[in-house]
Amino acid sequence: MGVEEIDLKAEETKVKKETLIEGGSKLSLKRLIPVPILRNLLLAIVAVVIFFFLSGHLSAYRNYQLSQVGPYVLAILGLSVLIGQNGQISIGHGALMAIGAWSLALLQIHTKLPLGVILLLATLITTAIGGVLGLVAARLRGPYLAGATLALALGVPDIATRYRSLFGGYQGLQINPPSPPAFLGANFTPQQYLAVIDVIVIVIAFIFVANLVNSRIGRDMRAVRDDEIAARLAGISVQRTQVFTFAISSGLAGLGGGLLALVASNVSPGAFSVTLSISLLSGLVIGGIGTMAGALWGAAVMVYVPQWATTLTEKFNMNQGIAANIALAIYGILLIVIVLAAPGGIQGILMRLKGLISGRGRQRATKG
Amino acid sequence: MGNKRSHFSKRFRVTVAAASLSLIAAACGSSSSSSSSGSSSSGGTTANTASAPGITATSILLGSHQPLTGPAAPGYSEIAPAAQAYFDYLNAHGGVYGRSITLKYEDDGYNPANTTQVVQKLVLQDNVFGIVGGLGTPTHQAVVNFLNTNKVPDLFVASGCDCWNQPTVHPYTYGFQPDYIIEGKVLGTYIASKYAGMKIGVLYQNDDFGGGGLTGLKQILTGGQIVSAQPYDPTTLTNGLGTQVAALQAAGAQVVVLLTIPAATALALLAMASTGFQPTLLSSSVSADPYTLGGLVSNFSKGKVGASILTGMQTLAYLPAPTDLTDPWTALFKTIHDKYDASQPFDGNTIFGMSMAYYTALAIKAAGQNPTRQSLINAMNTQAGSFTGPGLTPLGYSSTSHLGFLGAEVMQIGASGSLTSTSPIYVTNVNGPVTTHASVEAQVPANLG
Amino acid sequence: MLVIEKLSASYGPVKALKEVSLKVDRAKITAVLGANGAGKTTLLRTLSGLVKATNGNVSVDGNEIVNKSPEDIARCGVAHVPEGRGVVQEMTIEENLRLGAVWKRDVDVKSKIKWVYELFPPLEPRAQKAAFTLSGGERQMLAIGRALMAEPRTLLLDEPSLGLAPLVTSNIMALLRRLCDEQGLSVLLVEQNARSALSVADDAVVLSLGEVVVADDAKKVMSDSNLRHHYLGF
Amino acid sequence: MGCNLLVHVALFAMENSSLQVEEITVRFGGLVALDRVSATFKEREVHGVIGPNGAGKTTLFNVVSGFVKADSGKLAFFGEEVTSHRPEKLSKYGVARTLQGLGLFARMSVLENVMIGLTSTGKTKGFAGMLGFGRPVKEERIFREHALSKLNELSLGQYVDRMPPSLPYAIQKKVALARALVLEPRFLMLDEPASGLSNDEMDELGDLILKLSEKMGIVLVEHHMDLVMRVCNVITVLDFGRVIAEGTPDEIRSNPQVTEAYLGEEVNTN
Amino acid sequence: MTKLITLLLIGASNGLIYAVVAIGLVLIWRSTRVVNFAQAAMAMFSTYIAASLIDRKVPYFLAFILAIVFAFIMGSVIERTLMRQAAKGTPISSVIVAVGVLITLEALAGVIWGANLRNFPSHFSLVEIKTGGVKLGISPFDIYIFVAVLVLLLALVYLFQYTKLGMMMRASAFAPEVSRLLGIRVGRMLTLGWALASAAGAVAGMLAAPRVFLFPNNMDAVLVFAFTAAIIGGLDSPVGALIGALVMGISLSLIGGYLGSDLENPGAFVILVVVLMARPQGIFSSIAERRV
């Protein structure tokens, strides 16, 4: 009834190479392997292999620390897609992590499915629940959405205490941490195994998210974020895009929750308090909103800074109760300082440094 | 120590001497290689070696996870400093086999995800010999598998969950305080003997603590004697307990059993005082520490309610009362507290922490001059059942049971916060019958070295 | 008396004012005309400090005001009546009027309000109603009345005729002339409604793309064919 | 004027090559924003809509593009009556609209901004976007080619990688235009395209509009009369929500009512 | 029937405390568009100041007033030093800075006063009043809370409706640009908004503490309920906050009493979603701000 739709096949034959972006000279891998999936797969395999060998040189505890970062990377990545790409806020991603964690726990207890399948199912369950919540979220804006999601973070953990026989009540459910398969050898610690699982899951999630962000769907998300009116004029359904993004974002948080269950080998309400949701948001801002690498920095700060602050305070021979509180204060002050000094987060600082080094700082510092 | 001793009563001095003797006997029995003379700090025919992770010739490093910050910190944050204070005292008096004990306790904020992290750090990074007094059910559950897989001794978990008593599944984990179900059974037995036929109401926390206690109560009080059982959620305590108390009152409860944390006990007392509901009150050992509660309820109403609201309330106890300075252990702990832990209050949590430290020292000593993780577990399984100290009731440790205190006695809170016994000591296990027992509280030893 | 010398300002990426110079004497009205986007509103916003000037000087009665904060400029006796809905809609008419002199200590607010009600009779019966209940013309009256509360020496008006019926517009213009004469105000009047503005103004400038293209006596501008060209395009 | 209206009503036959509004009335609370407004926008014609501030021009655009629902009246695209339509559907009808100001996506590159113009033709659904092969990738390539060729056509090729706020205003305006044009619409609705442009830039815009009108119908809301008079075939004049005149630029120029609406009445200062 | 009345009274009295915190949130939201997560910690900190003063034998009401003065100053300082700086970034930056303040203040309280639960004197009896053997279901302290909240609200209403200062604050919140054109120093009004919100928080803290005791995290849950209450009311409206808070307090009490206390938190979520689905901007908010 109107526009002639673009005929994919006919157009494809007319692809002209010379019109590719002027900036195309900057990265050669993109040219070498033009199909994203192959390019990303290659990068992913390289990353996993490198990590696999690196992890062998780390102590069990270092590996464990690394594995702790993973769950938060995924949850923050989910938040980053939601807030950074789509402009919706959530102070309730801790609750979505909880949903993923309990899904994983119940599946592990009641089925004999392999770990990978369980993680996938936990992700899908959270995605579905996130889609339903997204219907509510799409009607709300700004602080109203923030408040609703905060109430979600408050309410969800109590479901576990209410339905004790299923969800384990206040003390929650026990998870058997995955034990490394025999072929990896006797020296392969469970901590190393957890860290490797973490990295594999993160890499897969990053590939999917990167594809999504670089696809039409991702662009629609950003269009809705920047200008709902203009997006509607371009034919984008704002509501559908927002619901979809909320579902995807929830799925990532759910996957993170599943990993957290494995890493903490336990799922209980105490691990999913409102504080967790707020920390995730802080981690996102500290890492840098809207960038994928920002999720890594944010999660690393969440895990390492409190531990580092504790180690620091332990050096001064003081009452450990006071030391614990001083460590907490250091974290709080650092949070304020980073946000005030670097509104773009750590990734923003890195991009600026990179810009300074390559002399092209003006152009790209605001990307994302 | 010598100049200190002059402060103590004559009776106390006698006690100390006797205790030293009994300890020497125990030590000789446990280790043929040891001929420690009790007071000498470097005794033993062989040299001290770094016999296990966390152990050097001169030191022992233990670990623990505690809520030092966050909503669960109030009260519980005192326990580990108190335990460390006892170790400081012990170290100043020769330590164990000349080794000083350090307790490295890390903050987990009562968040199980953090517990896993700090315990992994303590075990893998700091190389502690074992974990003692890890606090909380959900928190400790997150690490119990890890500790047992790695064969790390996991002594005296500070939680009354029956889940720690699984010698076949968790051979390295041992409980400490009476199991919540045992407490419930003891309370039930006491009620059956003293308040037969009266209507019983229960206010319980909706977790393993309150739920376990209720289970125990119901095992004894069959029939319709329990007229109402009201749960509360610890995360919504800011809304008070008025609704639950109103329901208990409406049900006509004459005796109310409180299976509550101290803050909730105080809130319940407040709600009762405000509506003039005055049932006979009984509480679990967790719920009623006269010091803590006295401080909290003293200002309910200017002079009208005050600490008197506590008077007459009966609570379970398996350790001496912090208010009872005539008890030699309380007196000793108070002295230690004043010297090493003065910045913290002296209350039930202090007694708990120091007692736990005392039994820890006993266990390590029993594990031999150069203990290993396995020798510690062996000592727990073979000797710990007969350990005595500040505890009032026998301990349940054996190769087939990892229960700690097997019972409790009922104490009544007096006008000035004093506690008087109103029952025999009840002893039981999770499934067996409840019997009475004589107090096993030991005399205070001179030192452990 | 308002003197503007070579004032330049940018609005985001757009250079909105380019070296604008003009002068308004005491008890005179200068009309600023021009199409949408010519920079009229930016000129007023720069004068009142809401937009930072990139260059140039502005003085009011001898005080240099360029790039001072809007509140300080207001306290120098410059009142800016912004375009359209420049009233605080959630507050009552009387509160809006009180706001006009809120920083000034030596004003007899009661008699001043009474005076404004005399100037704009439709306001008085609705004194306690929220401002959003007013019609467009009444809002404009309120905005002007409020600006007068602080006894300003210089009045900056942004399109007072916007969306008003011709009769209302002509009433407001007539009143403006009267105020100017009686109070000795310097008035800078930005208008799209050129005829009505020129009929009360002493002088006029026409802005086009941020530049002054015509500056002359109002009567002359009225008959100037340049005006027709720059303004209507024919 | 009354006469004009009558003629209009008589001519309102569903023309299948035009956009038609008939007797559209819109009220906001007590305010009548549009009062029985009728107009026919034809293909390959530039139709100007002018009037003083607040005359209802943008409201008319909003009714046509679906942001505002008319209280009464009819709306027809190419002979098909549109009862309730939403802005999301506009591009399906072959109608593109620019927004007042810019309406660009500030944190997306110029290329992405233009690619958004094609998004309604995309077939990639939700989760499939996560796959790095197959249709989504192919589709992206096609989108990119289309957008690039449109950008090159408008001499914007050198800016593809830039963020709009970092560009001169005139370039941003052009990007917005490129986004509207990338789908090759049958109708283009331009909402104040010249605001903020210099004289030279405005001339260039005029040339562009004339060139575009060879392929599509253009509806133009604009204040700059130079431009309107130069490019329009037909002009509709609104004042206080009503059509006060319609005709060729010459007719409008000589219409006293229009002059009155724009210049206002003289004030009797006595 | 008695149960219902008891639940209603308990809910209303909890609701009043949420209301004071919620009004603090509204004050800050209206003037600076920041959801102040630090409100809870600021209230707690001021309450500790009052408690320390009372421990040093300062009379209750003097301590009460001194704590409010302290809170007032603390609020101004936080706005001037941190929030004004944060306002230059994205809206989320401001929220995160507020979270940073929350964490830091709670940690500092832990350092200074320790993590232990302590009591806070109620000054008035918490025991239910009886007249001629008939229980009234409320205690003198309940009446005190009611009166204190009423006084606070009336004081705020007086300030905002009948004083020049209040008028300037309202104008600054509704129309900052117009206000600046009228010579109002909008920046100072923002500082004052934070100061007043902080002072209101101190009142809430001191009213809540006798019943929930005092510890570094004692106001966290109250903040979450107060935030949901403010949202129900529409974040721009102090009256909305009061009504939202009463709705929240009473609903939670009824849910806890009839369905079980573990459904209170999920209940808060359900109530909020139901209200927001009907009114996405809260019940009392003014017009939505969307442009075409």
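All chains are identified by letter, namely A, B, C, D and E, in their written order; residue positions are counted from 1 within each chain.
Following the convention adopted for this analysis, a residue touches a chain if its C-beta (ideal position, glycine included) is under 8 Å from a C-beta of that chain, and two chains touch if they have at least 3 such contacts.
Not measured: the values here are computed from a predicted model.
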item: Chains touching both chain D and chain E, listed by label; value: A, C
item: Farthest-lying chain, centroid of Cα atoms versus that of chain E; value: D
item: Euclidean distance of C-alpha centroids - chain A vs chain B, Å; value: 42
item: Separation of mean Cα positions, chain C and chain B [Å, integer]; value: 79
item: Separation of mean Cα positions, chain D and chain C [Å, integer]; value: 33
item: Sequence positions of chain C contacting 2 or more other chains; value: none
item: Multi-chain contact residues (two or more partners), chain B; value: 68-70, 73, 77, 206, 233, 235, 343
item: Chain A: positions in contact with at least two other chains; value: 157-158, 161, 229, 321, 324-325, 327-328
item: Chain E-facing residues of chain B, complex; value: 68-71, 73-75, 77-78, 206, 231-233, 235-240, 242-244, 246-247, 250, 262-263, 266-267, 270, 273-276, 292, 295-302, 304-305, 343-345
item: Contacting residues of chain C [partner chain D, same complex]; value: 12-14, 35-37, 159, 161-163, 166, 169-170, 173-174, 177, 192-196, 199-200, 209, 231-234
item: Touching residues on chain A, where the partner in the complex is chain B; value: 59-61, 64-65, 68, 157-158, 161, 164, 169-172, 174, 176-177, 190-191, 260, 263-266, 268-271, 273, 275, 303, 307, 310, 319-321, 324-325, 327-328
item: Chain E residues within the chain B interface of the complex; value: 2-3, 6-7, 10, 14, 106-107, 110, 114-128, 130, 135, 137, 139, 141, 208, 210-213, 215-218, 220-222, 225, 252-253, 256-257, 260-262, 264-265
item: Residue numbers on chain B that touch chain A, as the complex places them; value: 68-70, 73, 77, 80-81, 84, 105-107, 110-113, 115-117, 120-121, 124-125, 137-139, 141-143, 145-146, 149, 161, 163, 206-208, 211, 233-235, 343
